[in-house]
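To start, the structure itself, in structure tokens.
Labels for the chains are A, B, C and D, by order of writing; each one numbers its residues from 1.
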């Protein structure tokens, strides 16, 4: 059974068709890359996967539930099982970074005392230990992106959807972030990473068995051996 | 607002409370708007209650007193007065009727003739004070009956000079109620708008919370608590200042009997307590509605 | 506000105008707040003007009329009356003094004795109506002089029963002025806060404009124009509604002479025009100050 | 004479020193890359160059004027001669994309009629012709970045400072954007590009004579032959 599956999905923004007849299964423990030119619909596809957008055609299933059939509270609960790195990382600007990263724990009512070591380790891994008390507007572009990744994985979700998680960081850091994702994948998490960075994708293929999906002309294709 | 809602609202949640930015201009706006409108509302209430009292008193004092004048020769006077009193006692709507003593009549005439007036030697008519009860009596019917049975009796119910005063008091009362309604509505509308503006300013907070898996109720509650509290604090402050201000107003003095002071009286001092409750209630409802509306825009 | 500022404000700039988001909640807030406060301000103004008129009239009618009563035998009466009139004419502060005709006196006494009173046959004192002018006269001094020269003369200046009415009218007037000030201040404060909230909501617009090389004046002007216009529109609308509402209020009728209607009178109808001007002025100043403050935070 | 020069500049955020003793001259017509790990201060250095931040130590001169000595209006006028691509591209969300790109023209009171072909050409070059009427929130991450670059160069400024202009676009598009910058440099404009993308920098070195500056441990160094 696939964790997330798109069945003949189509999506149009106000009448303009962007995706058409997209079908893909993310099976448990799989690692996917999603690539395609700027504006081809990578972010849109990821939003379809966690119910931020509902398909105009076809059906999206997550954990065996039709996303279009979930009520609002069920959608909220679903999001606790799916960690998302948004391309335009947004934070609560009045809370320090550590609280922002722990946000999914807070809203799901988890006991912060127990999760504390987890949080510390994670912030150390993404290189933000020194910035724990900074407010989000005081962060550099790359720091924000790393914080977004940390927030996405803090709940140890079943699925991780990362939209351009390394667009603003240097090569060394991007390798470090990739390693985190690979590690999580080894622990059984399903991972989907949207990226236009072919070098990153090539590097990843050495570490993990990853499939590369490419959006081109509204369709989703499996990328060939060139990657 | 169901009972569970209130409990939830009061229970609070320290964690959730931190998720709403602590302050900012729109927060001050909510507090200030609630405060200012509560302050005005207290004054309008005071005006309304005072004008109500005034209208009641004027209507009472003026409508209830009439004078019956019996002009007759000295020998007939006592008989006719007795007869008139008997008739008045039978008239429905007359609470009491009393012949004035010579001293009272002399006092009434003093401005004209000086205190040393030899009243006995004058053909002064006998005056009877007529006090009506609640609904009053039928003045025309009474006049007819009196003119038939008691020659020289004239009923003066002061209608002519009472009327404008009663009308004025009535319009004061209308004005008071009207301004309370007006200020109440303006207060409600402004708190609603301030709450909406506050939520609009926090659009990003709501979006982020929804994206990380917070449920609608959780998000809405955090804002409801915050905004209800702000409105309550603002309105309570404004109310307190307003009551203080009303208490400081020069009082026209009660003993004068004609115009009452503008303040509250007795249990009336408790009425302003309704103002912060109204403010908080409006803020709660407005925040809930606005939060739900905003949330529904997000998938 | 210098003259150049106003010209600049009115001149407008179609391009620059588009840079400020056309609407949104804070815009509605500004319009609504201005409107509601203008509406209340018009009522407060009406109340204030009416209570001012009322106080003037009461003070006038009551303070200016006093009665001099001369009790004397029929033969001395004419002489003493002449003497009293002569004294009154010399008294500073007395505008006029006039002996009442027998008919007038009879009319005054009619409620007591009926219309058919044979006044000539009675030892009715002569009444002299004394009308004071502006500052009034020295009642004590006048009394002393009269008692020395004219035996049996009593000056009744109605002080006792006039006082509570005058005090009441005074406190009504105070209340009116006070509520105008109160509502004016609340209006100014709320428009200021609404303008600040509106600018806070547009922080990103200001930042982007500054970054692409717009000068402070250009940015501030765009917002000033927009917010001043909003406040003007809102306040003008509220003012119009308020004037309409005041015109609809039941009038106590002017002929009664005792309480005047709540409406405006004559040129008074122009006073509410000040309200939108005040609102626009406050909005202009508040927006300018807030925009400058925000801009100064950006390098 | 350098167009922009930093003289022994130091910068601290609330007491924490980030840059120290940085001296560099951007001579007219030069092409510089600025690189360094995430959080090292690239964005900060660029902000110092156009007066968004004033140095805590040392002096920054632009067009022969000390930035710290300019009044606010002069700073505004300076910004019309310097085109900046911000890392977190911000727009006026209520105006269509075309107006946003033309914003520097609007605020400087230029006649829009005359500049219209220029705008059309530029939007075509960055591949946004089809999105001219879209509002900024409706754009994809890469589209926003391209729009930011277009807005920076629309005034044909003397200096172009680009902070990570290609972080969110694919390789082909990044080559295209680079080509635009190189073209402008050939026309005599001074260009400084902050980027962590070493592949891009290597590709650029084939097209233009570029110096590569690297921030490391608070100092600015000229990168060696490895680039």
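Structural remarks
Basically, a contact is a pair of C-beta atoms (placed from the backbone, for glycine too) under 8 Å apart; a residue touches a chain by one contact, two chains touch by 3 or more.
Here the structure is a predicted model, which means the values were calculated and not measured.
Chains touching both chain B and chain C: none.
Taking the mean Cα position of each chain as its centre, C sits at the greatest distance from chain A.
The mean-CA centres of chain C and chain D are about 62 angstrom from one another, to the nearest whole unit.
In this assembly, the C-alpha centroid of chain B lies 68 Å from the C-alpha centroid of chain D. Listed for chain D are no residues, as none touches two or more other chains. Touching of two or more other chains is recorded for no residue of chain C. The touch graph of the protein chains shown is a ring with every node of degree two.
Applying the touch definition to every pair of chains gives A-B, A-D, B-C, C-D.
Contact residues on chain D toward chain A in their complex (touch as defined above): 13, 35-39, 42-43, 87-88, 127, 131, 138, 140-143, 146, 163-164, 167-173, 196, 198-199.
Of all residues in chain B, those touching chain A in their complex are 15-16, 18-19, 21-22, 204-205, 207-218, 295, 299. Those residues of chain C whose C-beta lies close enough to touch chain B in the complex are 24-26, 28-29, 32-33, 36-37, 39-40, 43, 47, 67, 69, 71, 108-109, 111-114, 116, 122-125, 127, 152, 154, 156, 164-165, 167-168, 170-171, 174-175, 179, 182-183, 186, 189-190, 193-194, 196-197, 200-201, 249-253, 256-259, 261-262. Interface residues of chain D, counted against chain C in their complex, comprise 51-54, 72-73, 75-80, 84, 86, 90-95, 99, 103-104, 106-109, 112, 151.
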